[in-house]
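Both complexes below contain chain A, partnered by chain B and then by chain C.
The block that comes next holds the complex of A and B.
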């Protein structure tokens, strides 16, 4: 009897069709881990190009540091601005929490001011582009209900289509969004956002990926908001994982004196 | 003790000469600013109080010596062609060397802008120098803060973090003199402009007069708590040496304070308190010197969505030994309130993909019946080019109150800045 049980379990585990049968919630959780929690910490340079309706570009360059306190849970972010030059040395720091509002700080070097900023509006734009604060640090999976809407192909790769509907629609700008999640890497490759009228108005799309230290990694992504007439491209470089960032680095001390990890 | 700041300049020069040009990246801006008066006044120029061109250069360099101490040199210098004062000024806003001798200690030595405390444009425990003339006439907010020549040591322990700032030469505010901004002259009992002839006498440069400012702080959960201590001098000349000669001095001051800041009701709340101990007028019975006082701020700010944020603050300032203060007033001299109250409101809205910034900051005192409004509108044409226009509007029932005295300095300004 025991033998049969083990056999059945072995067959279930080895059968790709059955192993594939993840629930929508599991897919979203794995996708969050793959995209927002890669490694235990990380560092990257980010170039963000914001293009308006008339084709005028604005460019932001920054260095990002991230430390996971627990996988899928609390995280700390440190964003050091290099460009535009009027905000160079400015630092934005976030302590992401699993419940309640995140803690956010802004350091303004010209007046040596450490400012605390309210974070109740997560859908506001990050640095003036299409990406929101939530796009940058991740939306809590419990803020939406998830439904597996089917399978699809995107640029020759198999993806899950997940329909996400906000639990509380009053504080977001969309009625729902469809995430295209790569079946192999679990990276979210495309997000289509629908407004309250049901129109597809906003798209986030991954343009280029690579594998760094065995971790599937996004190199380039683009976001477009047709309502705002705005496009934003982000390009990551100098990406490193598991560099041993200390939690103590995400403190006021390092707002005023940037650590060697961000200076260039 | 000027040798202190010069030594920084020498260090900077030595490093600069040993440095290949490409190793140092320099940024900055060129700015033109004009501010027109919209009320008559008795200051030097009646039609404007801001007309200037400014070039700022800033940079930082990590020299390749003693790298285990992570040394960094930073500087920010300006050339100001000031059409109001009709002079060309070279300003060093920053020339500092910072290093980390051990894992738990940071040191910053030289000229630097220093800020701490939780108030928004209200300061209790931040006793670093300020320039209200710049603030009132439409220069960028950056210029409200003046740099200090200081040694700042920071110690980080598991228990708490500490900053200790030593300022060898007393750092004073850039006080209103009547040349650019008219004010209520308590000795003349009237609003005075250019005719004011006040002398501000600074304390002697002795070791005893070294100013010291200490902050101990700790983050508990999402809350930031801090304790402050300051021993130095009033930043404004709040003591009279000789009334007829209009000679003023900066009385000795100690401040003990505390603050708390953290999330509340979907926003950020802050509280800060300070006890100002006027060391040369302990009983409050010397009418020539500012009395001790207690100051308290409570504030709250939040995000209303749609790139609109709002902040409110309430400040109460109590003059201690008030009966002694009242007794010391001469006949007919307007008395300050025992409990001065001040409210502020900040509204900020970003529009057009955060390229347009519309802001309003209001100071309003229900006890002094005066107010100061600072509306502004900024437009970022490109990453490099930005234009800001705004106004400084003062109003008050009486001539002698904090903002009422500036009633004739209302102005509108425009600044165009090119960043590089």
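The block that comes next holds the complex of A and C.
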């Protein structure tokens, strides 16, 4: 059964003509799988450069661990901070759920305290940059209605243009966003967010990709907030998939005692 | 002088040509009017590159702070104030609509639905907006209040300390949009309003509203003053056609001056909008002298042309000198370092010289075009029963027969003035530019009663090492400085990064008693703040610190925007910092509009003093030159010295703040009082030269010359009473003092000068 599934996916992936017949919802689901659920688990080093409105940079470095409980469903994240030095050894852990609010914890080594953090606001900044939690861990496809707004070309590659309108607009800062999804890899290559006045104010774009273990992977991405004049770039390195992370690592007690996978 | 006389003659010979040329020039200047740009920004009282302004701009850029409109919501009808579900839901709806107005920086809006609160309960830390729309029961509404009140950052800023009111701060992109935006906010409020009241205020609204009203005033007050002057002249001269020409002189000189000002690209600031009002009396004055004299002579027989030539023989010199001295008085304002005051002074000076030249040319031209028969009739009417004569004789009696008494009284007045001047309070506040019952003043009062203060000043601590602000030492220092500042009566609240750190600590430890303190290590402070970045809006922090943590801003909320109060805060803070130097050799710097106002006010006081002294010296030189005698020069300065001293003495005694309009009045006083003195002295000397007898001279002096002075004083004084009804305070101030100056300087000139002449007659050789 699983073999057939893979076969079908492979055929679809290799045949753009067939892919074109996908509905907007299917494209979004495929894209979510490709971007947020690559492999069964993964590890990466992340360097985040936050550029403020006056052009000054500040850098954060962290290691990310991810474990998918089920594809397209629950996930667990472990974020271990290295830099800046005063936040070194801080840990941020998320249990992503398919309904209700996610669980989030933060460990503050300076006062040796683990604190649960409320997570109802998914649009808040991740680690102080322009990327939000949703940008990092994915936005539930059921939160928006999707509409195939056409095809386009982006950096010489064919993309789907998907217009996403939030079901409940009161929770988010945008009125809609346009996603440019690569027709071949299904990676979301660009997102254009429009505010409630209808102005394009925020952009996320993928700057560099590669293929690791056969998995199309983002190496570098940039988010820009034109209203606030902020930019953030993220660069991934040491990316590994399917390293056999135990679900047991994603527990409160490992916040104080980081596993060897995150130490450099 | 010869040239001037020939100009007069040419105008007498070719009246129509003169009028056509002037009409053309006037039309050209009128075409400049549509280009007018209004400027109401008090920041522009300073040059753009003024260090304080540069620092203020840099501060705003560094800390991403924008000018804000403040919408205060209060409800006195419910015991919970605005904290009922319905009212809060309405406020949420209003906020949502405000955030979509063009020019509003929606992401920085401070309101219950957009501003994050930090709360740690049941083991979970929550950083999210204080409330969400759609509250359904009372308990929820009261919980919103209680959460805000237990957040030292939000208390007294977003929610009033008494738990009754809410304030929404609406940051805007451009200050000059605030009037429009405030109107749109009013419309939104109108659609949602319940039992609660909304008050809109904030410096940008005050300024922009002022600009709009100023425009109305320019169109109302100046013409109304013109009308009053016209009516008064009608009372004195009894014939419309006769006084039309002085009015034309006034109008034309105003049009030329404003046309030139606008045409040369100058913006119309509050001060500058008063140019027409200042020019009006000065422009009319010379014409009154000319026409008074003209009709006295014309009555005695002769043609119009001969009479004019005679009149100008007598008046050419005093007219020229009065105009020059008045111009000097105003031009001296160019010595102040305040751009709008400079432009004001220079253009009024230009206007005065324009009016002088028009009087020389336009008055004869217009009069020449009137039929002789018609003028003869006028002369009779004008010469009717004269109640002024009795007053003139009384003054004459007093000043010549009781000279010493008058002089002693003058000395007493000077003593009183010195006392008053020593009590002058230098103070200004843009909100006081509105009258007390203006809705902006009401909003200002209501909001500052409820909240920490709507006037913002900022004290910035600058370090040179990144991360400095995160040290426990600096945090503790900021805390102490805050505590010190809050002891000041005018400071309703301070907000700093230390408040945020303490609040996070308190909520992290589940509100454990004693946990709301600065942590002991820099790492802990760094981690607290990083936690905030991980769950709140990181940009919130960068209104209080820079991203390198080299700088910290202390927000000081003042309940009043008076310069005096701000100065008190500065002095107190500087004193504290001198005794307790900030750790790590950090330097400090001030910013904020309330602070900027203090800077230009200081410039104004010192600038005005040098302007006044400078013009005093120049006018004295001109007087000495005119009378070819230092003694006469000094004597003719007496009325203006007495008047200026008395006016400012009065300001001090009454307790009126020495503000911008009051400061500028010194130039007007100088210009007008010296006018009267020049006329009186010049005529005295002419009369004495003719009669060689003091008795005859004095008697003749108290006929026509004194009559002209009294007329002038009364016309100008009463002509400006319409300004008293203007809704804008600077106009009222000018109206009141204009009347006072005229009355005082007229009285002083007529009483004191003859008294001095009588006493010193042995030494004063005309």
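The definition used in the following text is that the second predicted complex is superposed on the first by the 246 of 264 C-alpha atoms of A that agree within 3 Å, B and C clash if a C-alpha of one lies under 4 Å from a C-alpha of the other, contacts with A are read in each partner's own complex, and residues count from 1 in each chain.
As a working rule, a contact is a pair of C-beta atoms (placed from the backbone, for glycine too) under 8 Å apart; a residue touches a chain by one contact, two chains touch by 3 or more.
What you see is a predicted model, and the numbers here were worked out from it, not measured in a lab.
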Combined model on chain A where chain B meets chain C, clash or fit: clash
If you stack the two complexes on chain A, which partner ends up touching A:195: first (chain B), second (chain C), both, or neither? second
Who does A:54 touch here: chain B (first), chain C (second), both, or neither? second
Examine A:125 and indicate which partner it touches, taking first as chain B and second as chain C; both and neither are also allowed. both
Touch check for A:228: first (chain B), second (chain C), both, or neither? both
Thinking of the overlay built on chain A, is A:110 touched by chain B (first), by chain C (second), by both, or by neither? both
Touching partner for A:90 - first (chain B), second (chain C), both, neither: second
Is A:263 in contact with chain B, with chain C, with both, or with neither (first, second, both, neither)? first
Go through the superposed model and pick first if A:101 touches only chain B, second if only chain C, both, or neither. first
One more residue to check, A:243. First (chain B), second (chain C), both or neither? neither
Clash with chain C: which of chain B's stretches 5-13, 185-193, 275-283 or 383-391? 383-391
So which positions on chain A get touched by both chain B and chain C? 50, 52, 56, 58, 84, 86, 110-111, 113, 116-118, 120-121, 124-125, 127-129, 228, 230
What part of chain C is in contact with chain A in the complex they form? 61-62, 64, 99-100, 102, 105-107, 120, 123-128, 132-133, 467, 470, 508-509, 519, 521-528, 530-531, 533-539, 542, 547-548
Flag every residue of chain B that touches chain A in the complex, lowest number first. 27-29, 60, 62, 70, 72, 98, 100, 106, 108, 112-116, 141-142, 144-145, 154, 156, 161, 217, 219, 222, 224, 261-263, 266-268, 270, 301-307, 309, 353-355, 380, 382-384, 386, 417, 419-420
Please give the residue numbers of chain A that touch chain C in the complex, ascending. 50, 52-54, 56, 58, 81, 84, 86-87, 90, 92, 106, 108-111, 113, 115-118, 120-121, 124-129, 170, 173, 195-197, 227-228, 230
Listed in rising order, the residues of chain A that touch chain B in the complex are 50, 52, 56, 58-59, 83-86, 88-89, 95, 100-101, 103, 110-114, 116-121, 123-125, 127-129, 171, 228, 230, 248, 251-253, 257, 260, 263
